[in-house]
Amino acid sequence: MAHAAFDGIQTLAWMRDFTQSVYATEAELTALDQRAGDGDFGANLAAGVRASGLRCDRMEGPTGPAETLGAMADAFLDEIGGTSGPLFGLLFQALSRAAAGSGPDLTTASLAEGAARGLAAIRRVGDASPGDKTLVDALAPAAAALLATKDSPPAEALAGAAEAAWEGVRDTASLTARMGRASYLGQRATGIPDPGAVGVALLFASAGGTVDTLAHHVIIG
Amino acid sequence: MAHAAFDGIQTLAWMRDFTQSVYATEAELTALDQRAGDGDFGANLAAGVRASGLRCDRMEGPTGPAETLGAMADAFLDEIGGTSGPLFGLLFQALSRAAAGSGPDLTTASLAEGAARGLAAIRRVGDASPGDKTLVDALAPAAAALLATKDSPPAEALAGAAEAAWEGVRDTASLTARMGRASYLGQRATGIPDPGAVGVALLFASAGGTVDTLAHHVIIG
Amino acid sequence: MARYFENCAGELASDALSGFARAHADLVGYDAADGFVTALHTAPARTVGLLSGGGAGHEPLHAGYVGAGMLDAACPGRIFASPHNRQIFRASLAVARPEGVLHVVKNYTGDRINFGIAAERLADAGVACGRVLVDDDLASDSEEIAAGRRGTGATLLVEKVLGGAADRGMGLGGLVDLGTSVAARCRTLAVASAAHHAPADGEPAFALPPGELEYGVGIHGERADRTRSWQPLGALVEDMVGALLDALRPGPEEPVVALVNGLGAVTSLELYGIFGELDRVLEARRVRLVRHLVGNYVTALDMRGFSLTLMVADRVVLDFYDAPVRTPALSW
Amino acid sequence: MARYFENCAGELASDALSGFARAHADLVGYDAADGFVTALHTAPARTVGLLSGGGAGHEPLHAGYVGAGMLDAACPGRIFASPHNRQIFRASLAVARPEGVLHVVKNYTGDRINFGIAAERLADAGVACGRVLVDDDLASDSEEIAAGRRGTGATLLVEKVLGGAADRGMGLGGLVDLGTSVAARCRTLAVASAAHHAPADGEPAFALPPGELEYGVGIHGERADRTRSWQPLGALVEDMVGALLDALRPGPEEPVVALVNGLGAVTSLELYGIFGELDRVLEARRVRLVRHLVGNYVTALDMRGFSLTLMVADRVVLDFYDAPVRTPALSW
């Protein structure tokens, strides 16, 4: 049965599934960053979801989507180093803001708005355009997909966003990095998908209650 | 004929003869300081008399003993480096003061007083006692001899002072240096007379109108 | 090899910050949890909080310039590494004024991103935040360097001018415009005769053949794009000043402020010798040198080198520069 | 190798002095012929001129401390070489007051002799002259060293206290007694992890095996009498402070002033880390630390090391120490 919006429990479940996906793929994410960066992306993302989980557990009383996403934002922004951690934090912060602005439950419209605002913040801060081989290459199509399906129930819209994100991930493999550490490698990172983009795809893909490994979506070879 | 006191011309002649003695022995003095110090004593002393000569030449009108000795003092104090140069300057300064205090001509009594005061200043400044293998070992006996003969005419008294100074110089050969650069050599400078002491003996010996080399007085072997 | 005096390699910067805060407890407060220092005394007229930060290893930048008349807060990172956005965010909240907070940021990717994230968080929290980017390094002024010129010695001049302006109550927009225009009229050039020693192992960060100079070094142990053979100081300073003036082209009436800055291990004797040559060259070129600083102001650990910064000012800028300041490293 | 930035090796110190004088023309006058600097502004109440000097290479000592509230004149020699008595004599004449002039002299044979000669000349010229000898270096405190302890870091503390006293009109005898008793209650200990580079050839003055520290160095590149293996900073500072306190034995109520001094190439990060440890050790030993300075105050060219100086004060001394000062290197 499709819900018109995620309630607090469903949002928590989404985040818990994202956490499990990160744990399940940490080694693969690390392997990607080893080849295109400095090899800490898996650890950074795992630290982020771990810190977020601890914050969610500490929250008292019934927690709505805005609070859960806000806790994710604070954990990623405050506790995680590297480039990607705080950028994920900005995405969660924008999602949390949008959720807070649209009543107790998390509608697809507010998901779309949050993703768009998060994308804008990430681009302001990191100055990356689509095609620069960064997580923007997954987030931009995902945000666009959410906007296009903002009248669908969130689970459905998120599945579509995940599809768009994975598409973006696959495209990053053929790109040459212009931002971030991978940019110092020039052509040598060509053929390897961008780890940050994979992280973004995992986030949207986790709303379906499934814990993936990457093999289904990207070929690491 | 013995004069009761040196007039201006005689004092100038004494200083000119000292200058010639220094030039004549510069190489020997250097050799001594090479073995007991840093080898610049000859050059320092020669620079002192050269600068003094220039100052004396520049003085206008008739110059008394106090002015000539004062010019020597200023040259050695202002223009000469190393340890010994300014110490000679202090001796000349005290001699000039004493000369100025005792009328137009330079009496043996004022020579004795000047040498004693110069010795005292040099000892205050350099903290050397007789037996430390410094120029004090020549100046102290010379000053004592002047005091003992202060009623004799200056040429006679200075000849006696020179004798006493050469005696002191010969004694320094058997001493181990406690002050100055030679002190770092310990026993290794034993057997070598102290160059500064030789310089002092040359000063007193030059009043007789003779220009010596050192071979008559000290054995450099 | 020259091992650092420290307890352990990872804690050099944080131990230093806590020692600094104890040493200057009359001037600065210290937030140990979030790793930033704040000014204890600051003009009540300020409507904007002034904040800066960046990698450690450039002392006295930035913490040394926290105090009355200059910065309200500074966030040092670890050695040569950008501060975390959390430090910047928290420090900004601590010193924000009614018109918000202004970030003075040296142009490095890490600093831009971390200050940028903090700015996003501040916007989210409803606190207005402006930025002045300092990018004065002439050696990185090249078409090929997409990141733009690096920020170096001019930082403290920009901070001093902004501090003077903030003390007169200038608002956020005014300060952003002022700082941006001041930064645009500053250029720096740095040379080194020996690299800094890496704190990790005490080894020189790079080796220079004897008699060579690294011409155009950065402040993180980046090598310059060229090596030159040693020159007598007068000729070297003449070349450096020529390049700076070519980039800045001050008018004959425009007042110029100079910073002769030691990068760490160069002696005070050398810095004053350098100032003497600079003064001579500027005079010969009829440049109106009106103020100058000589000393270690923006360092690169113990690099054996120096930088020259020229700032073209005007009467207003000079007035803010001259305004009273009382910080651990700058005081008049 | 690290070549100095200079025009030619022999002129490093003199070029620096003339650059220094140009840079601080608002505070000091410069006699180029005789090579000394004088204070432009000084308290009219002074009845005695204060003068110091010594080899160059220890900047900001001494010229950096010329100005209101501190020295009336400074005579730097060439690098690590005593000034000539002529400089001292002429500078003394230039700054003598009705009660004469006071020489602050570090205990080195050359300095003692040259200042002594100048003093004899001053006596000859009818100018009263007193001397305060500074001999604070604990490492040279030994029966075997006839020349006595060397003068190092305490010099600037003694100069500051005497400056405060001179500004209140204290006479020559009083200043000699005060300075002598202050100097007697100061001790310093210095360590280095790398030698300075000789200006002549840019080579290190001595080599230290990796991981070794020179414990008890002087400020002229003299090696210490012992080498120690590297220790974590806390343990090193604990040892040094222990030795200083054993020599000084301050009473529980006596106020203590500390100087954490860089010898040239040590970073500001390290100096503040050292201060943090020092503060901790003194607190644990219940020593009343009332004032402190952290920075490069008495250097040895670009030696990679630091010294710790403790001065046991009393209320009067502290009052003079706290009195206002405005010099190129010290200002409050």
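For reference, chains read A, B, C and D in written order, and residue numbers begin at 1 within each chain.
By our rule, a contact is a pair of C-beta atoms (placed from the backbone, for glycine too) under 8 Å apart; a residue touches a chain by one contact, two chains touch by 3 or more.
Quick caveat: nothing in here was measured; it's all calculated off a predicted structure.
Engineer: Starting from the Cα centroid of chain C, hunt down the chain whose centroid lies farthest away.
Structural biologist: B
Engineer: Between chain A and chain D, what is the gap in Å from one C-alpha centre to the other?
Structural biologist: About 61 Å, centre to centre.
Engineer: Would you kindly tell me how far, in whole Å, the mean C-alpha position of chain B lies from that of chain A?
Structural biologist: Centre-to-centre distance between chain A and chain B: 93 Å.
Engineer: Using CA atom averages as chain centres, what separation in Å is found between chain B and chain D?
Structural biologist: Measuring from centre to centre gives 36 Å for this pair.
Engineer: Between chain C and chain D, what is the gap in Å from one C-alpha centre to the other?
Structural biologist: 30
Engineer: At least two partner chains per residue is the criterion; list those residues in chain C.
Structural biologist: There are none in chain C.
Engineer: Mind pulling the chain A residues that touch 2 or more other chains?
Structural biologist: Where chain A is concerned, no single residue meets two or more other chains.
Engineer: Work through the pairs of chains, note which ones touch, and then classify the graph as line, ring, star, complete or other.
Structural biologist: Its topology is that of a line.
Engineer: Chain pairs that touch, all of them, please.
Structural biologist: Those chain pairs satisfying the definition are A-C, B-D, C-D.
Engineer: Please output the residues of chain A touching chain C within their complex, sorted ascending.
Structural biologist: Those in contact with chain C are residues 77-79, 81, 83, 86-87, 89-90, 93, 97, 121, 124-127, 178.
Engineer: Of all residues in chain C, which touch chain A in the complex?
Structural biologist: 84-86, 89, 112-114, 116-117, 119-121, 124, 146
Engineer: Which positions of chain D touch chain C when the two form their complex?
Structural biologist: Where chain D meets chain C, its residues are 1-8, 12-13, 15-20, 22-23, 56-57, 59-60, 64, 79, 193-194, 202, 210-211, 230, 232-234, 236, 264-270, 272-277, 279, 292, 294, 296, 299, 301-302, 304, 306, 331-332.
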